[in-house]
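So, here's a batch of structures to check.
Two complexes come next, and they have one chain in common, chain A, joined by chain B in the first and chain C in the second.
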Partner chain A sequence: MIRKMYDWVDERLNVTPMWRDIADHEVPEHVNPAHHFSAFVYCFGGLTFFITVIQILSGMFLTMYYVPDIVNAYKSVEYLQNEVAFGVIVRGMHHWGASLVIVMMFLHTLRVFFQGAYKHPRELNWVVGMLIFFMMLGLGFTGYLLPWDNKAYFATKVGIGMAGQVPLIGGFITKLLQGGDIVGAETLARFFAVHVFFLPGALFGLLGAHFIMIRRQGISGPL
Partner chain B sequence: MAKHDKDIEYVGDSQVPAKRVPNVAPSYDEYPGKTELFWPNFLLKEWMVAAVVLFAFLMLTVMHPAPLEQVADPTNAGYIPLPDWYFLFLYQLLKYKWASGTWVMFGIIIIPAISFGALFFAPWLDRGPGRRPSQRPVAVGTMLLALVAIVYLSWAAMAEHEATLAASGGGAPVASNKPPADFKAGEAYTKQVGCAGCHGANMEGGLGPALWDEGTRMDKQQILDMINNGGVTMPKGGMFQGTEEEKQALAEYLASLKGNK
Partner chain C sequence: MSKDQGVSRRQFLNYCLTGVGGFLAAGMLAPMIKFAVDPALKKGKAGGNMVPVVDEAVLTGEPSNHGFKYKITDAWLGEQETELTAWIYKEGGQVIALSPICKHLGCTVGWKNDPQKQNRFFCPCHNGLYEKNGKNVPGTPPMNPLDTYQVEVKNGKVYLGLVEPNKIVGGA
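The block that comes next holds the complex of A and B.
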């Protein structure tokens, strides 16, 4: 039955080459922890992606309750945390996942760095990886404000204050981040938009490029 | 005009070739070592690792719910902010004299730009053909130094933050400090359910500091101040329920607690 459905779609859209492109690639012995335990260091990249997927899913569920305005933001998070079934788990996953994704990404970066895996011909993939790193830091920074509690508010003030110290363009950066003269209603709306639309959009594109490049080039050989 | 291959048959008037591609996995028998298929062999093992990580992750979320403090209050001048942990090293760097004020160029531009720039352009800075760490001592050494610096700066930021919290009047979460076995909290305290929630039913502390020897740290006026205005985590006024007289009595009672003495 499934076979037939697949053939029906395949006859019309020729999906087999696409599917084989995704499924077919060899996993060399030196990256396989089943053969060499020390190869667990190659898991960090995949785990970063795994946690990223968790972040996307939990974030999608959080936006079902979250209200991005300064009157209701805190109340909506409090409601989510205390009243909604499993709300505390979903928010907890997003909260801890945000730290975990940074940890995993950091370990992945260190693995690539210490193995010199960024060398010719993989320079471009390293650069894309660094851009992903900055996107993740941006997601962490913008997401931190959204609960609109004291911790969020004052940490964001500190962060924007740090950016404001940049010579010449400091004032401009501050205005751009705050959307006004103070950390207030416009800042929250802005951070929400950046956290939920702009950065994830950029992140998807970069992740796609990251994966296409690794598939095209294959994983770096043993040291 | 480009030449068309007239022999290819298409499905209907579409551009999909009628010739089917067989849906079979290639064999990697000819590859060196124990190379295996990504799908489904390796992905299954990868998923097992992911499942273990997911389980540990869920345990963490269940045991430690995400914190939510009080609603943002821009007028709260006493709040001591702390950025998320992965920004701490930068936060700490900008506190040093040689990296702030007139030297801010160092802290905000030169040091971060050089370090992140070097990381970004690592493939062009570290150009040798060797990939082993021993073959590129400069790159590996610089990274190790940077790691030590990041760990130290983050630790210093945390230590300084805790010191400031402790100095700011003790609203900070303090590990419980057990009262003597024969200690019994007075009635002025026990009838305040709001206090007991954080400071413990017998003043042994919890989220808030222990209070059974509070008189050694604060006098009556300071205690009243703390109740009325709140502290770093102590909520403003609201937890106390009762008349002004009862509040006075409670503060007097707390100030009279001098521990074992």
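The block that comes next holds the complex of A and C.
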């Protein structure tokens, strides 16, 4: 049955070569942990992506209950965590995954840096990688405010205070981030929008570019 | 020898990989799906509280409109008061309270609010008609009789509870 359905689609759209281009490519011996165990360092990028997928999925599900409003945000988080089945697990995945994605990304960056894998012709991919790094930090910063508890509020106060120290345009940045004169209703709504729409959108584009470039340029040679 | 068994080494490894991958994906997705589906699986709160609405002495054989506040629990908002109304009348010592929500598309019906149709509940949206006991008049849009409230009379006070399907009449 499935075979027939696949053939039906394949006959019309010729998807088999697409699948081959995406998945069927040779992995050089020096990046295969089965040959050299030390090659596990090449897994960090893939692990970062894997955790990113978990973040996207668990985040999508969390928005089914979460409300970005200062009166209800904390209560809705408390409700989804304590009253809804597996709420602890789904929020736990998003909570711990948020830290882990930064850790994995950092290890991946260190590997690329110390192997010199960012050198010609892969400079552009390093730049895109750095942009992804900042997107991830932005996601962490904006997501931290959303539960609207004391920790969230004061962490954001501190973070915005740091951004406000930029010479000349500090005041402007502060107001832009806060959406007003205080960390309040507008800040929460704005951080939510940035966290679930703007940054993920930018992240998808950058990840796509990152992966296309890897495929075009191949994996850098052994040390 | 391995050829006889029909599963090549590559195929076996593919099965293992698919199995492990599927297990990982299921472990990841199962909690999320249960999380999303949970409200649909939870049982509704049974019973429901009874609210005092009106003195029994006020009621006559003619349906009259009474508003009251009913408490419902709404997720993280906790207990909320919602305003409801009922058409209440007395018949043979029994108190009957009808929900004013039309069974066609949910507009609000009124008793004798169309001067042409005497002794009928009338819905202005699509000209739905009901008899005094809530029975829908054939040939008008509603397919079922008006719902009734759970009624309890205590110390001369009429208490109303949850809405339930009309048991006084069969559908027309």
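The working rule: the second predicted complex is superposed on the first by the 223 of 223 C-alpha atoms of A that agree within 3 Å, B and C clash if a C-alpha of one lies under 4 Å from a C-alpha of the other, contacts with A are read in each partner's own complex, and residues count from 1 in each chain.
Rule of thumb we're sticking to: contacts are C-beta pairs under 8 Å (C-beta built on N, C-alpha and C of every residue); 3 or more make two chains touch, one makes a residue touch a chain.
Please read these numbers as outputs of a predicted model, since none were measured by experiment.
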Could you say whether A:Asp69 touches chain B, chain C, both of them, or neither, answering first, second, both or neither?
-> neither
First (chain B), second (chain C), both or neither: which does A:Asp21 touch?
-> neither
Report for A:Leu57: first if it touches chain B alone, second if chain C alone, otherwise both or neither.
-> second
Return first, second, both or neither, reflecting whether A:Glu78 touches chain B, chain C, both chains, or no partner chain.
-> both
Spot which of chain B and chain C makes contact with more residues of chain A, would you?
-> B
Considering only the touch criterion stated at the top, classify A:Phe86 as touching first (chain B), second (chain C), both, or neither.
-> second
Doubly contacted residues of chain A, that is, touched by chain B and again by chain C | 54, 75, 78, 89, 93
Residue ranges of chain A in contact with chain B within the complex = 6, 10-14, 16-17, 19-20, 22-30, 32-35, 40, 43, 46-47, 50-51, 54, 70, 74-75, 77-78, 81, 88-89, 91-100, 102, 110, 113-120, 122-123, 126-127, 130, 137, 140-141, 144, 147-155, 157-159, 162, 165-167, 182-184, 220, 223
Contact residues on chain B for chain A in the complex?
-> 11, 14, 16-17, 20-23, 25-26, 28, 31-39, 41-42, 45-46, 49-50, 53-54, 57-58, 60-62, 64-74, 76, 79-87, 90-91, 94, 100, 104-105, 107-109, 119-120, 122-124, 126-127, 129-133, 135-136, 139-140, 143
Touching residues on chain C, where the partner in the complex is chain A = 28-29, 31-32, 34-36, 38-39, 41, 75-77
Chain A to chain C touching residues, read off their complex = 54, 57-58, 61, 64-65, 67, 72, 75-76, 78-80, 83-87, 89-90, 93
